[in-house]
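Please see the structure below; I have some questions.
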Amino acid sequence: MKNVREFIAKNVASLLKDGDLVNLGVGIPTLAANYLPESVTIFIQAENGLLGCGPKAREGEENLDLIDAGAAYITCLPGGFTFDSVTSFGIIRGGHLDATVLGALQVDELGNLANWYLPGKLLPGPGGAMDLVSGAKKVIVATEHNTKNGDPKIVKRCTLPLTSEGRVTTIVTDLAILNKTEAGLKLVAIASDITLQELIARTGCELILPEGEVPLMLD
Amino acid sequence: MRQFRDGQSIMVGGFNKVGVPGTLVRWLEESGVKDITLIVNNCSNAEGSIWSPAAKMIKDGRVSHLKISYIATNSDVCALYEAHVLDIEIIPQGTLAERIRAGGCGIGGFLTTVGVGTMIAEGKQEITINGIKYVLEMPLAADLALVKASLADPMGNGLCFGTSKNFNPAMASAASYVMLETDRLVPVGEIGYEHVDVAGIYVDMVIPSAEEKA
Amino acid sequence: MRQFRDGQSIMVGGFNKVGVPGTLVRWLEESGVKDITLIVNNCSNAEGSIWSPAAKMIKDGRVSHLKISYIATNSDVCALYEAHVLDIEIIPQGTLAERIRAGGCGIGGFLTTVGVGTMIAEGKQEITINGIKYVLEMPLAADLALVKASLADPMGNGLCFGTSKNFNPAMASAASYVMLETDRLVPVGEIGYEHVDVAGIYVDMVIPSAEEKA
Amino acid sequence: MKNVREFIAKNVASLLKDGDLVNLGVGIPTLAANYLPESVTIFIQAENGLLGCGPKAREGEENLDLIDAGAAYITCLPGGFTFDSVTSFGIIRGGHLDATVLGALQVDELGNLANWYLPGKLLPGPGGAMDLVSGAKKVIVATEHNTKNGDPKIVKRCTLPLTSEGRVTTIVTDLAILNKTEAGLKLVAIASDITLQELIARTGCELILPEGEVPLMLD
């Protein structure tokens, strides 16, 4: 059985372009950096105050003052720089990020995202998510297609408290890649291990299908 | 310490475990003050966290208002929020930073698209300019700021290594009284005048950190 | 140079004679472009000033809109203002800096008491909060920014000595295309990651300065 | 005959307190720093990006990147620091300056100041003056009492374009020191070389006189 996290991360990576300035959320989004083709170099911003994030620090070589937003000890690439939170979110809100990749509790056909509050159960808080989603040119949601109960995370209208209105541009799941268009969510690619019927059944809103064969996601 | 008083609003710098004035946070908790408005980005209640004393204050009900951005690392906050026993204002991280900056630099409010159409915008004035909806966010200042710098001189000028700047420079500018904790006290002039992150003019007291870095 | 085009809005960094990208200013004048919106703090028309090429463009009528704070060093601007032949927007220096910052960091507008009750507030929205009158100031961005750093690397990261930062970091953030002039080009990594004043991510082109310092 | 500039500067200096963070405008205000008693140390901000201004640089020892707002090559005292214009006016507008000292074309009994535009004649522009006057805790105007034509600069209502509304706290001239109060301008001290009658004749608005003897300005 495929490793869902790695599968999603690999397909997210395929959407990033050489030279992109990107903020990667904790979890699957951060994994994406491991799957970039050699021809693609991206610059990674950590909203806690670093641009030019390098690989994780090797054990014993950690700089205790240098972490990423997920609190991992990391390194800074040559040409990178550090800054305070005010500057960090100036970069983010100012539209200087080419892309942000983050997780979802729900995402809908209008490009609305909910990922900071599951009332009664879970309150991670927005952290930098609202700022990132408002500011980045491309908003890529990386998420499993369904909840653990099998409910669709991709829905007609989000019912959970929103992170942002209409800013999601692309959704990458273990089943499909979907682009947000004026007319709704358009299927861009499908996983090789499911049928179109299964995908539709596991999705909470209508999908716009491409003409002809549906391209396959990277395996 | 006489700097800590019931009813104060207190900002504490730091992001996750970096740039947190751990000794000052401990002193704050030990002072026994209550009815505090606590303004932080995050506040982990994990055992052994540098935030533990502040997390204890929240759990013990000594924090009456909490303004916070990232809550995932503190399960108590979620429970207190759901039980409606603590007044929590949830603030997007960039808006938190910008509101603190505004509080320190005489900006009376600012327009941002962050939070438009979400719970964050509830009760706030919305202004549409050129077809774009903005929410008007207000400045945030405090009675007291507890901040951290890697190096500091006796005048309160601080230099922050790595990603330890985070909220510290802005919070130092936005509080009536500012206590700066430092890993290393250096003589005046040792921090080059081009490299000051926390401005000494804002700082009222400098203390050496008693924390060990983990 | 194809970077210079008729009708552009152009920000130029510098305060008085320090932190001014003199070579770029000269290239701009020599390019022959006209109908420029020029955004500067000041622009001396004194003979031999590093600003002379820009002052010449103003005098020659190639600047159709001028946004400026400090005018005392340019008598032409006063004359053109009185003759109503040049559209001049006079902006308090701090408001100029803050509007440029807002343009670079996604702030849709901000409230300030600066200018309330003066000519500066004319035509602007006034908002009263808690009895204090504010004027709503709008962000300022440009097509092109010409900025200066003492040191810069090929990625465009710049470090500014002394008081040469002034408007340079903010202007670099607020323009679609940014040209950075530097006194000394250094290898990537030579500017410590904690000491970058002008962020390379904003910069599109780096050129060595051909000016001699006076 | 007394040196008017030095006389005003000396009396301005007497109003500054030990530890004050002060911005001194070009001209007479900057001179004030030369007349501080030894017991008084102030921190001087230059709005172009320096806090902790030291004396002017000695000839041949100038740092060509380090100037004050009047473009003089200066030095930075230990503990001083440099910053960009955004930060500089954050300090100013944020109320962190104890005092600002600047010149005037006109100043009136409501504390209004005009100093950036003499229509038809002179357009220095506001530079940082509007920000300084809006932000500083104490706004000290240092000016000659009358124009070269003998007209009063201290008037009932400014007729020139304003720099700010009602923010002036103290006026120091070659003839008097005046404090702005709710009721109008109050005479605090008078120069030793004029009479009260002369002062009143050369002032364009009513003055509130102190009870008893009027204190003398420093000579």
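Observations
Order of writing sets the chain letters: A, B, C and D. Residues in each chain are counted from 1.
The rule is simple: a contact is a pair of C-beta atoms (placed from the backbone, for glycine too) under 8 Å apart; a residue touches a chain by one contact, two chains touch by 3 or more.
What you are looking at is a predicted structure, and each value in this text was computed from that prediction instead of being measured.
Each step here moves to a touching chain, and the least such steps from subunit A to subunit D number 2. If you compare A-C with C-D, the chain pair joined by more contacting C-beta pairs is C-D. We define each chain's centre as the mean of its Cα atoms; on that basis subunit B and subunit D are separated by 36 Å.
Spacing of subunit C relative to subunit D, judged by their CA centroids, is 28 angstrom. Per-chain Cα centroids separate subunit B from subunit C by 33 Å. Residue positions of subunit B touching 2 or more other chains: 98, 101, 106-107, 112-113, 160-162, 194.
Along subunit D, residues 50, 82-83, 89, 92-93, 134-135 each make contact with two or more other chains.
Looking at which chains touch one another, you get A-B, A-C, B-C, B-D, C-D.
By the touch criterion given at the top, residues 46-50, 63-69, 71, 76, 82-86, 88-89, 92-93, 117, 119-120, 122-131, 134-135, 161-166 of subunit A touch subunit B in their complex. Of all residues in subunit C, only 15-19, 41-42, 68-72, 77-78, 81-82, 90-98, 100-101, 112-120, 150, 160-170, 197, 213-214 touch subunit D in the complex they form. Subunit B makes touch with subunit C in their complex at residues 98, 102, 106-113, 127, 129, 132, 134, 138, 159-162, 194-195. By the touch rule above, subunit D contacts subunit B in their complex via residues 21, 43, 50-52, 76, 78-83, 89-96, 134-135. By the touch criterion given at the top, residues 101, 104-107, 153, 155, 157, 173, 188-189, 193-194, 196, 199-202 of subunit B touch subunit D in their complex.
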